[in-house]
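In structure tokens below, several structures.
Both complexes below contain chain A, partnered by chain B and then by chain C.
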Partner chain A sequence: MSHPSPLRIFLKTIVARAYPRFVGSYRNRTWIVTETLLPLIGTIAMIYVYRALHAPARYLGFVVLGGVLLAFWQNVIWAMATQFFWDRGQGNLELFAMAPTSLAAILLGMALGGAYLSLTRAVTVLIVVSVLFGVGYTAAGILPALGVFVLTICALYCLGMLLASLFLFYHREAWHLADAMQEPIYFLSGFYFPIRSLGAFVGGVGSLIPLTLGLDAIRQLILPGTPQFIPLAWEILAVIGQIVLYAVLSQVSLRYLERRARQDARLILRST
Partner chain B sequence: MDIAVETKALRRVYRTARQEVVALDGVDLRVARGERFGVLGPNGAGKTTLIKILVTLLLPSSGAAFVDGLNVVSQSRELRHRIAMVSGGENVGFGMLKVKEQLWMFSQFYGMPSKPAKRRIDELLERLGLSEAADRRVSGLSSGMRQKMNLIRGLITNPRILFLDEPTVALDVGAARDVRDEVRRWMAEDPTRTVILTTHYMMEADELCDRVAIVNRGRIVAQGTPAELKQQVQQNAIVDLQLSPGNRLLDALRTVEGVAGASVSEQDGIDRFSLLLSNDAALGGVMRIVEASGRQIRGVQKREPTLEDAFVKLVGRGMAEEEQG
Partner chain C sequence: MIAAIAQWRGFKAATWLGWEISSNWTRPLMFVIYSVLRPISAAFILVVMYRVISGRAAGSTAYLAFLVSGVAFWSFVQYGFAGLSNGMAEDRGEYRMLKYVYTSPVDFYVYLFGRGLAQLASAVASALILLVVATITLGLPIDPLRVNYPLLLVASFLALLAVIGMAMAYGFLQLQAVDAHGYGELGASVLYVISGAIFPIGVLPGILATIASLSPLVYWMELIRRTLLGSHAIRMFPTMSDADVLLRLVVTTVATLILAHLVFSWADRRARRRGLIDMESNW
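And now, the complex of A and B:
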């Protein structure tokens, strides 16, 4: 029997799984409040903290860029990594798993669909807060910073796939873990302050999260005076390395845990 | 015989920290290509576990299973192109999508080109009388319409073997009939197609299936055509006895000499007992017990055997009792 090629199925799955998220954002407009106005409030609150402390102007830029990347991190954790938890409860996971597609394609589709909302949120934070508080950036660094941003997002989504495979197996326990890790990750990634402030050891641990080095590199490129954690070129290389590492790990992990899930009846809602 | 599904000593055990549950205990099954094969049994009998193994969602603890000639464990990737599953009470997909969008989405997971997929969806929507709901959101569908949509999802990719797990559960009579009609029509289009159906509606199995297997506590206790299974109770007299409510009577009735099996269900405040009598004289013993219980007789009638009667004889209890544990 001839079937469509695995690549064709992979690509079609990405588009098809992204579709409900695109459509959902169009048909349910409450996201305009939850994905734009509410995050703005959080970012602006941090701006006022720095202002009250009379921090240097570049600190306002740290906060804005932190707010931008925070949108993608939240998308990865709550809309990608945990999604199998919801899908299992609804019965979707069974249908995904018994189709001749790959769970990685399903995850990438979810990510792509969710990235649209995250991008909207990120652009809103970037433009509105920058304009409101007069945050300036180095024009020459914007293009390279965009390149680093793309690399960082790739690494982040590969990490998201790795986390999703863990959720596939541990589901509720993993959910609690993600919840508990949220604040420590905000802290370790230096969302609102330069990572160098944490020192070499803590900063090094935090660097396992692609956001940490990516964010620091972007700051170095467009916010002059950013305290250097490690040289820019090293940071970029490390992010590229993370893309490869997390991509490979996520594939191995997805395959292994999918098999374990079939063995332990974790793909299905148990029924005898 | 061209085999569509075969299992050999298939066993599945669920293990938790505290206990082991044997869901399937050495199941041997052969389903011919082109058959509508029913797997009957009460909740917890192992029907769904069997189906989930056959559709590659669950690994067996031991034994082997082959679907369309492919090993469900080692050749699952190839097999997934050839099968589809539709379960009763499915709430899958995304409520904000329109019916046709949802169906298109699932077709893409099989790599179907969009145009033929959409054509096929339109055709199936028409056949199942859902054309007018094509642009309606999934969240707004009735349970009957939703199940028809789920059936279409299973048929779009033109599977060689279709697994239906309690497909008409909780549907009204009309919707259940439409689902059964479509299954029949789909099978009639191509004699090489095969359907494996689990159900605990005996009438449905009787009406739809060429052959059935009765599963109880993880084992196949009988298999054959519905007529063959009914023949097992052909020599029995089947008596339905309607009594006013009262003390538990079933165990006492089962001890009467000549009673080969008994089951009870409650309907409209009346207990309806079905008795399999190996000889008519047993009815005397039954009546003495009823009289002693103080219950009033609301009706007695003798009738032709059904698959349900065969089930009672083979399993020893009625389906409803099994479900109540």
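And now, the complex of A and C:
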């Protein structure tokens, strides 16, 4: 009897883990509503803050783009970083560990499916808010911005894979930690304002999160007048560097923490 | 008397249970730290947004105080509303104990009230820490010796009743769904937009502004700012006296409680008829 090659198993695992997320993106109506409306309402609230301050129109664009990437960040936190934590609580993680495949392939599948799922929500936020509030973008910058967007999402999900292994070491605090990675990250990444406003130090710390530089680069490309944090080319290079860095770190961390988790019997620990 | 003691015991147990579940049995200090991080960051997002637009012009602290006080006290709604309404779905779906509570001698309202109050501790800590940090770092015009505490406490008590009432009704409505994951947060974020917490409701389009003016949360926010900031407060209702705003808060709170009771009773009857209280759901 012939066995499938490791590469085939790896690729089939990615597809298998991504599949429920592709299907889930339109099957569970409850999640469609919450995943779309939560970033949408948050974005609208921030737009009204700027309106109350009589801010120039481009600031509304800052908020809209922040809201678009917010959908991805929420997916990375709640469906990537914490996913192994939930899986462990439901008893799936031990099955993953026993299966003849790698956790890396499972994470890649989650990332692929999660990115697709978030994209459907993000596009809704972009269209609805832009139309509702008459936000315009520079047409010439849209294609390059899409390129930067793809790079940013790749870096972001690599960070998500890294966080997924780290969350394996959290017990009951995991939920609160994930909660605490919302507004503090929106602040550090400049979701609703130009990152330059935070200054070099805080902005530099925030730049460890791929969204920060990616969002700033996208804004520079399609919203003229965006205060520049660092030159666009450097931002793109930094995001590419983050893809490599977080991808490597996530694999190293996953192997190390998986081994530790096996030693400490954390793969089967229930803490939800 | 014995019945009252039984209800009191039930209330205490519900409050303790609510605290343990919402903190997920973590250490209280860790839970409070995590709970405070979110509102502090939310406030600083607004501060930076304001600074980006208005710079450090004279009089800017008054608007910053408007933003910070709104975010600080919003924790009560966030924890009370989303926490309690999600809690009912969790009690049914995740912990599978809602049916036992429902059939126990403790009045269901008393149980839910206790469950909701449990969130209060983290909300109080969060609001206090945020106000202290913001007052010191941003130089907000909040003088602890000049705060109108009686009015602040009365307004907050009324608002808390309204929030818990709304959360109970909304939570019971959520039981109609098999999967209501995230609906608590969704409800809270809708209230966020129409509560005047981070911008005056006059900015909202006509219909939304009218709906907002029927909510007790708007008058609560107004009274919070007046009691904390005195003459420095930016007012959403400049022509109204404190007494007028309080009266509106009382009227809208009573109306909200009546409406919440009607919705709760309807949803309760429907849930019994359809067997929703012990339905397998979510998790």
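Note that in this section the second predicted complex is superposed on the first by the 256 of 272 C-alpha atoms of A that agree within 3 Å, B and C clash if a C-alpha of one lies under 4 Å from a C-alpha of the other, contacts with A are read in each partner's own complex, and residues count from 1 in each chain.
Definition applied: a contact is a pair of C-beta atoms (placed from the backbone, for glycine too) under 8 Å apart; a residue touches a chain by one contact, two chains touch by 3 or more.
Keep in mind that this is a model prediction, so the values were computed, not measured.
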Looking at the combined model built on chain A, do chain B and chain C fit side by side or clash?
fit
Quick one: classify A:L38 as touching chain B (first), chain C (second), both or neither.
second
Let me test your reading of the model: by the given contact rule, A:Q228 touches which partner, first (chain B), second (chain C), both or neither?
neither
Now for A:H176: first (chain B), second (chain C), both, or neither, which partner does it touch?
second
Tell me the angle subtended at the Cα centre of chain A by the Cα centres of chain B and chain C, rounded to the nearest 10 °.
90
Under the stated touch criterion, which partner chain does A:L267 make contact with: chain B (first), chain C (second), both, or neither?
first
Scan A:N28 for contacts with chain B and chain C and give back first, second, both or neither.
both
Now for A:Y48: first (chain B), second (chain C), both, or neither, which partner does it touch?
second
Of the partners chain B and chain C, which touch A:R17 in the superposed model: first, second, both, neither?
first
For A:T138, is the partner it touches chain B (first), chain C (second), both, or none of the two (neither)?
neither
For the overlay built on chain A, what is the smallest gap between any CA atom of chain B and any CA atom of chain C, in Å?
9
In the superposed view, which residues of chain A touch chain B and also chain C?
28, 272
Complex interface listing, chain A residues touching chain B
1, 3-5, 8-9, 12-13, 15-17, 19-20, 23-24, 27-28, 90-92, 94-101, 106, 259, 262-263, 265, 267-268, 270-272
For the complex, give me every residue of chain C touching chain A.
23-26, 30-31, 34-35, 37-39, 41-42, 44-46, 48-54, 67, 177, 179-183, 185-186, 189-190, 192-193, 198-200, 203-204
Would you pull the chain B residues touching chain A in the complex into a rising list?
14, 21, 23, 44-46, 48-49, 52, 55-59, 77-78, 80-83, 85, 87, 90-94, 96-97, 101, 104-106, 108-112, 153, 218
For the complex, give me every residue of chain A touching chain C.
28, 30-31, 33-35, 37-38, 41-42, 44-46, 48-55, 59, 172-173, 175-177, 179-180, 182-184, 186-187, 191-194, 197-198, 272
